[in-house]
Every structure is written in C-alpha cells, then in structure tokens.
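Beneath this line is the structure, given in structure tokens, with notes to follow.
All chains are identified by letter, namely A, B, C and D, in their written order; residue positions are counted from 1 within each chain.
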C-alpha cells in the first residue's frame, strides 16, 4: 500500500488531492472518477482537520491506497477525535441553501461520489476512513 | 510555376486565398506572412472581379506563383479591363471612416502588406499583377 | 487561486482561476465582501477557469448570494460554469438558486 | 461564416465565426440591418471567432457604426478582437472609431 503522510492543514489539501488523482489514474480510472475522488478526499481531509483535530496543524493525515480489481481503495488515517457518523443527519439538499446552516455537505458528497464509505474508530489506533471507487463497469 | 485557374466569383476568393496560403507555407514563410498574403490576394482578386470584369463570373483569374530565394512571387492574370494605378489616390486613413466613401482600401492593403506590387497591362494578353512577399530577414 | 474583478456599469464581473478549497475559500469570501462593502450587489461570477470547488467554496457562494439578494438589492449570476463545477452545485442542490448563463457577456447583459 | 445574435437587456450581442470577405460580407451587412431595423443601436460585436476580414468586411463594420452612432442613439463596441483582425482595422485607420474591449462581458457591461 503506497503511503504518504501530510501535516493536517488546508494548504496540503491540494497535495492530498493530487496524490490520490495520480493513484486513481494509475488504477485506470477515468477523469470523471478522478475528479470525484479528488472531491471526496478533499472533503474527508478537510473534515479531519476541522473536526477530528479541531483546527490546522494538530496532527497528520496518513494517506494510503490500494489498487483493487474493481478500481481503487483509499484509506485516510488520523489520530484526532472520533465521531459517530450514524448520528449525523444528511443535509436537505432540496431546501433553500440560504436558510440552511452552511454545513453538512462533506459527508454527503463523499457518500454520493464514492462507491463505498466506511469509518472505523480504534481508540489510540486512530480513526480510519476507507473509501472505494469503482471503474465504470464495476459495481 | 504552379498554376490554378478560378472562375472570377466571390465564392472562389476563399479557394484563391487557400491556394496561396499553401504556396506561402511551402515557400517557408511564417504564419504572419501567410495571413498578409491571404489579405493581399483577396483584395487583388476581389478587385479583378469588381473592376476588371465589372461583376462576377465574367471571366477567370489565373493564379500562379514562383518560390524565389527571398520568399514568394505571386502572379494574378485576368482578361478584364485595364486601369492606371498611378491615377488612384491613396486613401486618407487618418480621416473619419464614417465620412469616407467606402472604397479605396484594397490597393492600399496590397501595398502595405506585400513587399513589391507591380501591374502590367498587355492588351489582348490581359492584365498581370505581380506581388512579392519576402521572408522576415529578407529585404 | 487567482481573482480578477472588473467594475462595469451595472455590475461587478468576478473571475476566479484555479482551485477553491478550504485553503482558498477565505480569499473568495474576502473578495465577495469587498465587492458588497463597496455597495455593488449585482455580481457576475465567471467560473470558466475554476478547476475545483469543495463544499467550503460552495458555501462561500451561497453566503454571497444571500447577501446580494437581501432587500432585493441585487443578485449573483453565474456564467461559463464548467461541467464538473456545475455537477457539484447540482449535487448540493444549489442550482435552483442561481441564474446560470452560457457566457459572461450574456450574464452581464441580463442586469 | 456563422452568425449568432443574443438580445440582451441593453444591447445586442453579435458573434460571427469564420471569414468575412466579399462573398460573406453581404450576410454581415444584412444582420446589422436586421438589428438596427429592430430598433437596437447598441451592439457588441464579439470578433473572437473571426478568422479573416477583407476591406469588404471592414466597410460593412463602418456602415454599421455610422448607422448606430447617428442621432446619438447607440454605438457598436468591439470585443475579443483577434490580433490579425485588429491589425487590419488599424491599418485601415478604423481603430479610433471603435471602443475595443478585451472581453464581450466588459463590452456588454459598458452600455
């Protein structure tokens, strides 16, 4: 599993997106899928910075991936705060955004753009987010 | 001397420009010079149609060229009316175009865009316009 | 991210090139604030050169739209929105809240 | 030559793609006449896709400018003029008689 470790700050979001874009291309995914992956990992990493670490530069994000038969499996590992994704209500994307709180799109994008999204929280072992993206003809 | 004969009508202006564009490229002229040549031959051929023949489809325009050391020599040959270029006053390009008669730019463009412009009128032998365009570093 | 603003007779033309993520969204927010603090609430946001936008950037756009539409004093029009940016706006449910034009010229000419 | 017109709030946006020579200039003339006969004398001529223009085309532009400026009722603005087209306009001495804008959006936004 190729691995890259980035200090958890917003400047590094671009590097994280690029790291996974290259990985996705090498896994044979098309440019639409590459873009979806960039959006999903951006939201995931931004959440780690914002919510798990509660701010910039309070830890690192370990980024790894695995090329699988169907496409790519992405793993983001952090040592911040855990949370319960099941308690997070999905956004109401049919309501007027001007009257919504400007929050809650990140997890939603990850779920919409990726084929499989799983969190696991392991105490001192840290938090692991696994997302998979499949090629056009896989499911 | 490669030669192409076109019925003298406006539809053929594009073909005449293309004929000379290809010739100019094969003579090693750059794209700026190719464009200048296209403008000059367009004006020259339009004048033959408008003034020498007095309208469309009353004769042909014989288009030939010669690749010379300095660049290209273009020859347009028609059998329309002769005229005396020395009697044509150059346009006053510094005056308000809205108060000018909408005429008189063609010969001016030919002279400005080409390095050498010569008319010769030979009675039944027809009228011959020779224009030369030199490469950047020739003069 | 690069930002260009062009004040026009009846609106501000805003062009952004590059990526709008959590790192650069604050700059976009600043420029919208600068425009509205200058008293202009009619904005054409030409997105043709936006290569990436995350939810952080999308929310900045919503905040700007909200501010501009307040008191009926103006609006943010979008122009030349690239396919992937459009899809993100659509996924977020934001498309119904913007007039989207094929060209910046048409957007400007609709104020 | 392809022609596209887009009526906007305060002007007509005219876009022409291709070559304007003695063969196609009459079509350009027709479209200018159609616009002005429709009562619109504020025209943005987006030339970005004009590949060639001869004196025949240049004179059509002058005639349109003359008609639009009459009685102070309007003007033809030029936008996105390619280098070679600009040079032809310049050689003819026509540049001082047009406002030339880098983008159609700016031209539209200047009416």
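Definition applied: contacts are C-beta pairs under 8 Å (C-beta built on N, C-alpha and C of every residue); 3 or more make two chains touch, one makes a residue touch a chain.
Please read all numbers here as calculations on a predicted model, not as lab measurements.
Centroid distances built from C-alpha atoms place A farthest away from chain B. With centres taken as mean Cα positions, chain C sits 26 Å from chain A.
In whole angstrom, the spacing between the mean C-alpha positions of chain C and chain D is 29. The mean-CA centres of chain A and chain D are about 50 angstrom from one another, to the nearest whole unit. Among the residues of chain D, none is in touch with two or more other chains.
Residues of chain A in contact with at least two other chains: none. Every pair of chains in contact is given here: A-C, B-D, C-D.
Note for the complex: chain B touches chain D at residues 10-11, 13-14, 17, 32, 35, 38-39, 42-43, 46, 49-50, 91-98, 100, 102-103, 105-106, 108-109, 112.
The part of chain D that touches chain B in the complex is made up of residues 19, 21-23, 52, 54-56, 58-59, 62-63, 65-66, 69, 84, 88, 91-94, 97. Residue ranges on chain D touching chain C, taken from their complex, read 6, 8-11, 13, 44, 46, 79, 103-111.
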